[in-house]
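Would you mind keeping the following structure in view while I ask a few things?
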Amino acid sequence: NIPTGTRKVNLTSWHHDKGQANLSNMTFSDGKLIVNQDGFYYLYANICFRHHETSGNLTKRGLQLMVYMTKTNLKIRRSEVLMKGGSTKYWSGNSEFHFYSVNIGGFLKLKTGDMISIQVSNPLLLDSSQEATYFGAFKVRDLD
Amino acid sequence: PEFALPQVLGSALSLQSTLPCESEQHYEYSGRCCKKCEPGKYMSAKCTETSDSVCQPCGPNEYMDVWNEEDKCLLHKICDQGKALKEVNPGNSTFQRQCACTTGYHWNEDCDCCQRNTICAPGFGIGHPVQQDKDTRCMPCPRGYFSEVASSTDECKSWTNNMLMVLSFLHLTGTNKILYVLI
Amino acid sequence: NIPTGTRKVNLTSWHHDKGQANLSNMTFSDGKLIVNQDGFYYLYANICFRHHETSGNLTKRGLQLMVYMTKTNLKIRRSEVLMKGGSTKYWSGNSEFHFYSVNIGGFLKLKTGDMISIQVSNPLLLDSSQEATYFGAFKVRDLD
Amino acid sequence: NIPTGTRKVNLTSWHHDKGQANLSNMTFSDGKLIVNQDGFYYLYANICFRHHETSGNLTKRGLQLMVYMTKTNLKIRRSEVLMKGGSTKYWSGNSEFHFYSVNIGGFLKLKTGDMISIQVSNPLLLDSSQEATYFGAFKVRDLD
Amino acid sequence: PEFALPQVLGSALSLQSTLPCESEQHYEYSGRCCKKCEPGKYMSAKCTETSDSVCQPCGPNEYMDVWNEEDKCLLHKICDQGKALKEVNPGNSTFQRQCACTTGYHWNEDCDCCQRNTICAPGFGIGHPVQQDKDTRCMPCPRGYFSEVASSTDECKSWTNNMLMVLSFLHLTGTNKILYVLI
């Protein structure tokens, strides 16, 4: 069975230049978006989870399908969850396919060197197509 | 660059080897080596050619536990009773608040929630030491011990003190058959 | 009964100038937003589904309530799903009202002539009030 | 038991300057964001609901977990729901923890003096940590 | 300020007391006191030094029920049959459309939906007046009345007219026992 309680996992294998992925004025390394310019940014993520009965039964316990966007600030060696979203789910056996998507977004102050990364629960259930699971950031304006 | 590359050990002579400014308590800014703000404070103004960094104390419900150049303190987390959390350390301006799950539950990193402790089946008892906020560890009862209940708090009981219990049990019920058990 | 698996339908009847709807520097025709200027745009959609028992029973099977945002590029006569979101749902009969909303959003490169449209599953379950179901785009900056 | 049908409540106690909260070029008073400059703004909100069995049983009826973003226009003494999102939920007793997040966002025209506020159903179930429940707005550009 | 503070009643003389422009039907703009647009219209152009405000009628499915300076009318809401709503007043360009829940349901502000009306248990009947779109009020049947059904629409029935019903009921079944009931 697919373990429901798999540990919260850091997602590192993102496309950053293929398909709809784009990167400019930010650096991408080891699954993290690194800020090059202080400013106010709009950060967002969309994560889709799915399960098909052909992948085996889910354990009877409920699932908690979650996404966390984390900021790592090397100067104070601190990681902080910026935003989170998700839902507990009861994906019973009698339906052949289950699907759930969560979207988070917010306008936040970022400094040069800040690193943005995504963690999810139950990575085995991820729908990793590019239109389903993605995250990003764009600078809206300078700091005051 | 924001921070200078650490000097490679045993690097050869470099023409103008100035001591690196960037350290736990200092930062380089406008050509000077300035002092960071101590834990419990944030930096309301960076140093200039003529003035030092300006540090202000964190406000209520805020903390900063390192020397820093941050323009704001960090916000203490909430020990949310609605998530079965309780405060084990209120924290202060230099130390982050600590929460833990109420008895019978343990923090599960995966769901970011307090999950029921595992219930040890009959024949198993809880292992020691019992740690707050950690799941029960169920240990099979060794020879001479037993557990006839499913519980997340009970240990294996030793036969000896239970023999009396069995006897008293028999006594109570008046039948005088004695259980002979091979120890 | 309301068929659960109705085909994915293209939504065309949007208000573009009444109530909260607005249109500037983009063209709206036949339910599609047409891009007039190359650039990086933030695209978003919010879709609400609802069912009241007075509308009849839902079939026992689960529902899959989905939204898809599609880009059509006439030059290469190609349509591509940019973003998707939604959830499988088990709306049982014993409750008089069911409701579910899904939100998707993302920062994408668009070119003049690109056409953005929205498809949903189960259109009969749409809550079409203006604060419930809407989509849009705004240009954030020029291409590099 | 936690009453499921608690009245829709106006959320007023937001941090506006602590932690990740920020405020510039807008005024915050009595839980409302007040617009100081006409323009097109992107408005967003993320709300998390949670329930742990240690807080008592939820009544058998379903829950409807909703967020509404409202604009109050003093000139015409009118309040209007700009965006809404949420879901009906059936949080049964046999699971120790339930969680659900909803995200809404949209690009809207705002005028000086407009006041933006958030209402939710079931406020007792709110997860009020800063990464879970927040709302905001940023100006994208001037009116045409 | 966007709008001037209302004059305090009985305020003393003020040197240059100009009548306040800002009122229900007027607004101050480019140094002039101009007329707002009447209900049913929106302002497509504000006044200038030389021209008055330009007002246009609301389009189909729109309304504006106050004097205003809005650059657009408000959109009528939808009486969504899919939410068990029906239109009770279509509204027009100066009056907002009104919806109500179909019979047996009432609008619940909390869930923004039509919720089933409360079912009155036996011994209770619905209270009067029955208001559309409002939940049933169940009233205990007073002396001389009764209700033997659970219903969200039935009132308490008085014994008298039920005596005949009982008789007819008996008659129907052919047994001639008469129920003596103490009134």
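Residue numbering begins at 1 within each chain, and the chains themselves are lettered A, B, C, D and E in the order written.
Please note the rule applied: a residue touches a chain if its C-beta (ideal position, glycine included) is under 8 Å from a C-beta of that chain, and two chains touch if they have at least 3 such contacts.
Bear in mind the structure is a predicted one, so any value in this text is a computation, not a measurement.
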Groups of chains joined by contact, in the absence of chain E: one piece
Common touching chains of chain E and chain C: D
Farthest chain relative to chain C (centres taken as mean CA coordinates): B
Residue-number overlap at the chain A/chain D interface, same or different (half cut): different
Chain centroid nearest the full-protein CA centroid: D
Chain pair with the higher count of C-beta pairs in contact (B-D, A-B): B-D
Most widely separated chain from chain E, with each centre as the mean of CA atoms: B
Computed distance of Cα centres, chain D from chain A, in Å: 22
Length of the line joining the C-alpha centres of chain B and chain C, rounded to whole Å: 44
Overlap residues in chain B, where contacts from two or more other chains coincide: 74, 111, 113, 115
Set of chain D residues in contact with two or more other chains: 20, 42, 64, 66, 80, 84, 88, 97, 99, 103, 105, 140
Listing of all chain pairs that touch each other, if any do: A-B, A-C, A-D, B-D, C-D, C-E, D-E
Footprint of chain A on chain B - complex, ascending: 2-3, 64, 66, 68-70, 74, 108-113, 115
Chain B contact footprint on chain D (complex, rising order): 15, 18-20, 50-55, 96-97, 99, 124-125, 127-130
Chain D-touching residues of chain A, taken from the complex the two chains share: 40, 42, 61-62, 64, 66, 68, 80-88, 90, 102-109, 140-141, 144
Chain D contact footprint on chain B (complex, rising order): 59, 61-62, 72, 74-75, 77-78, 80-84, 102, 105, 111, 113-116
Of chain A, residues touching chain C in the complex: 20, 22, 24, 42, 44, 46, 48, 95, 97-101, 103, 105, 131-132, 134, 136-138, 140
